[in-house]
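When the chains are written out, they are named A, B, C, D, E and F in that same order, and each has its own residue count from 1.
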Amino acid sequence: RYGQAEADNQIGAATGLAYTQAGGDTLSIEISLFKGTGKLTLTGKLGDVMKESAQAAFSYIRSRADELKIEQDFHEKYDVHIHVPEGATPKDGPSAGITMATALVSALTNRPVRKEVGMTGEITLRGRVLPIGGLKEKALSAHRAGLKTIIIPEENNKDLEDIPESVRKGLKFIKVKHLDEVLEHALLPEKVSQS
Amino acid sequence: RYGQAEADNQIGAATGLAYTQAGGDTLSIEISLFKGTGKLTLTGKLGDVMKESAQAAFSYIRSRADELKIEQDFHEKYDVHIHVPEGATPKDGPSAGITMATALVSALTNRPVRKEVGMTGEITLRGRVLPIGGLKEKALSAHRAGLKTIIIPEENNKDLEDIPESVRKGLKFIKVKHLDEVLEHALLPEKVSQS
Amino acid sequence: RYGQAEADNQIGAATGLAYTQAGGDTLSIEISLFKGTGKLTLTGKLGDVMKESAQAAFSYIRSRADELKIEQDFHEKYDVHIHVPEGATPKDGPSAGITMATALVSALTNRPVRKEVGMTGEITLRGRVLPIGGLKEKALSAHRAGLKTIIIPEENNKDLEDIPESVRKGLKFIKVKHLDEVLEHALLPEKVSQS
Amino acid sequence: RYGQAEADNQIGAATGLAYTQAGGDTLSIEISLFKGTGKLTLTGKLGDVMKESAQAAFSYIRSRADELKIEQDFHEKYDVHIHVPEGATPKDGPSAGITMATALVSALTNRPVRKEVGMTGEITLRGRVLPIGGLKEKALSAHRAGLKTIIIPEENNKDLEDIPESVRKGLKFIKVKHLDEVLEHALLPEKVSQS
Amino acid sequence: RYGQAEADNQIGAATGLAYTQAGGDTLSIEISLFKGTGKLTLTGKLGDVMKESAQAAFSYIRSRADELKIEQDFHEKYDVHIHVPEGATPKDGPSAGITMATALVSALTNRPVRKEVGMTGEITLRGRVLPIGGLKEKALSAHRAGLKTIIIPEENNKDLEDIPESVRKGLKFIKVKHLDEVLEHALLPEKVSQS
Amino acid sequence: RYGQAEADNQIGAATGLAYTQAGGDTLSIEISLFKGTGKLTLTGKLGDVMKESAQAAFSYIRSRADELKIEQDFHEKYDVHIHVPEGATPKDGPSAGITMATALVSALTNRPVRKEVGMTGEITLRGRVLPIGGLKEKALSAHRAGLKTIIIPEENNKDLEDIPESVRKGLKFIKVKHLDEVLEHALLPEKVSQS
């Protein structure tokens, strides 16, 4: 089952790009935030590397809470559930790191994620964005899913030449070195609830 | 041992549809709710994917407690035991997601589940219903068990043509995209206890 | 080592029937109840399915405490140890479910279990009794052990014909659909301690 | 390394008899009791069955604390460490059950264990003593170690004929059905400390 | 992907040298420190030996807190997350011990790590620095990454002769016996924040 | 890497003797003691038997705290970290038992361990010292490392004859039956700190 771009700008959900033996695919990252005591739940048949990736994203956001306009003590006031649908499909690797960080910042700041944006990149504890594998296949799946923009690690610039011209023309590639740039391009301003 | 439709509209029990190497079968999901401290127990030889599926169902309901007319703090006021009988049979996969969600809402709202309804579909953290495999075999087992209506993911519409005409005529198929639609078709109004 | 019927009506001990590759055997379920904090200990080289079976029995009794004349909060006031002797023999499967439930109710209500009764059947969260395998071998071992009555799931009625006539005549078979019937036939009135 | 009978009547230590592929051997069970909070530590490369055996012994004693003149709440006032020396040798099976129970009662009542006594037998939650394997080899090792008396399950009576006459004559066999009998024969009166 | 020296002197990040089947590589150790309750998180696909190495580094620092001008109770006032990027690459062995210790002291004292320094060496509970393997390959990768100085265990002095002259001339080797010497050469004075 | 005798009399560190497939080696046991809550950490790639050995040593010392002039409640007032360096080398077996006990008593009493002493022997809960394997190889490594005295179990007396005369003459062998004797020969009087 091939992925599709989201129909709306979502809060707490972002679109990643996966690379498996079967080729590329889009990956939906969903986050629910609950008033709670700091429990982190990770589901969706995630491998250890992907789970550690979520922890790195979480710690980065915790270390930058002030700058991100997030409550300093969010990590102990909320329970966070990160789920990656299509629960029967095993998922692993660090390349969803920036997607999980983006969805988490979105959920914590009430800022929607642009629905036409996909992204791929490993995140480190200091927010650096490290290169990933399978960029060509990921770009193909992003294109097929109807995404318009994909955010990629700057160190993957050299792999753009491998992507077929037709696909390359249909996508805007944003090359980044740090999560700050990811958030700038992926998030919309805070959604104010109407009453 | 083939399943059978429930004899009565039950509170806290719903009928799912399973697809195994041996073909399709119905699957009873039983839930007991206790005044407690928020412990979740899952039994019935469930695989990891099915357990994660229960967690996703649980989180979805927690995130929508108000709309579902459930106490906001149910997750810490009750112990929940989800059991899937025929304890010797291994069960796995995400397709019981909407069945577990339905049984849980039933238990928490005191609304009975219609006894003639079966259902199958993966649930995500936001309540979306994702497609499943083995629809043909599941429909056959639902028919054999005497069910009248089965709720399926809209994305499985294309698989209806594979079901033998005789079975297709004996069942009403309700295609859904979101758990809200599942609950609307599967639950009866709250049962008021007589005193 | 073949089992034998108990010499006395016991409180907190019931006789199950097991079916292994080596044939049928009786199975003693022993329960000790302690003033405590709700810890459940399961010993006797029990497999996961048998342990889940004990949890289902426990939850059923917890959900029916009032009707069974058991203190509502027994699950947090007592530590419960369920042991199945002959600790070197691996035991598994759900068919000791009703035996564990019966021994537990006996221990909690101070009602002795009739020493001439054996039983086999899976229990669900709602107390339904589901069919089991190996009825013929179980009946043979019950007969050999000197039991007079065995309680079986109603759905196993069709398997009675496979039991040799000599054994069938020496045993009274009670067919049940629900644990309530099991308790009715297996338990004696509360034993009043003499002082 | 062959075992030897203890040089003194010890408190909190008893001699069991093991049966391994290499033949029979004596087994020292050592217990240390600490003012604590009820932690149970089991060491000596013990298999799961032997650990469960220790739990059964512990529960039996807890259920009979009054009759054994042990403080009712010993299980939460003391930390108990049970160790079986020769830590590199794997040990398993339920036949050290009565030895662990005896050492534990000794430690809790301050009554020394007779140094010339060895024992073997499975214990159940109600203190029944069940038969064991390898009696012949166990008797040989007891004899070699200089023990004078060995306590065995009554159901093993039939195996005495397999023990060589010379060994049988050098040992007194006490056949028991219940732990009460074991304690009666293995324990001396409480040792009063001199000041 | 070959490592590169850091662009700036970092607080809480140090550069180690790894030796894998594929040759040598640099290894970034990142540390985040949070006001917390003493939780230690280790991520980056670290093997057990590397995790134990982190624990030894942690305990050494705890035992020397006063001399290192670190708050005595840091271990219970902060949560520490140690992450080693390139999360898909398995990492193991004790040779990152002094790197983890250095990054941790840096984070706790606010002293930056010199960006041109790499290091390798096992750390013990008393701060001794033990020899490591693969010095030649590690030196090559340090050189390639643009590092200027590498700190090595004194016991590895004998392995310097194996490093090609061109590489040996481009690097300054500091041989140490104790972590104190490592810190002296790797850390800059405390960075005073400007306001 | 062959071991060497310590350069100084250390507090909280003792030298054991290991026997591996590669022959004998010395083994450094390092202990750090922290004001804490009773947490025991064991690192250095230790196998289960060696970990249990540490627990036995710990319990023996706890049971004899008064006689050893150690605070009765040390086990809940301190965190203890026991580390065995050369973290990449797997270590197992019970023969480091008396070494761990000696290092622990040293740390708790502030008495230095004589630097010229090595030791090997299993410890039981009552402080008995049981025989070990590989005495010949262990003696060779002790000699090579420059140790002068080695403490061995009395039951290993018979193995002394297997040690080459040259080595036997260079070492003093102290044969012991109980940990009390080990401590007497290995520990110096309490070190009084100068101010």
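The rule is short, and it goes like this: contacts are C-beta pairs under 8 Å (C-beta built on N, C-alpha and C of every residue); 3 or more make two chains touch, one makes a residue touch a chain.
Fair warning: this is a prediction, and the values are worked out from it, not measured in the lab.
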item: Chains touching both subunit C and subunit F, listed by label; value: D
item: Shared interface partners, meaning chains that touch subunit D and subunit E; value: F
item: Chain whose average C-alpha position is farthest from subunit C's own; value: E
item: Interface sides of subunit C and subunit D: same vs different residues, half threshold; value: different
item: Rotation in the CA alignment of subunit B with subunit C, degrees, nearest 5; value: 60
item: Label of the chain whose CA centroid is most distant from the centroid of subunit A; value: D
item: Chain centre separation in whole Å, for subunit F relative to subunit B (CA means); value: 60
item: Rounded Å distance, subunit A centre to subunit E centre (Cα mean); value: 30
item: Length of the line joining the C-alpha centres of subunit A and subunit F, rounded to whole Å; value: 52
item: Subunit F: positions in contact with at least two other chains; value: none
item: Touch-based graph of the chains, sorted into line, ring, star, complete or other; value: ring
item: Chain order around the ring, beginning at subunit E and proceeding next to subunit F; value: E, F, D, C, B, A
item: Complex contacts: residues of subunit A adjacent to subunit B; value: 1, 10, 13, 28, 30-32, 34, 41, 43-45, 81, 83, 85-88
item: Residue ranges of subunit E touching subunit F (in the complex, touch as defined); value: 48-49, 52-53, 55-56, 59-60, 62-63, 75, 93-94, 97, 122, 124-126, 128, 130-131, 155
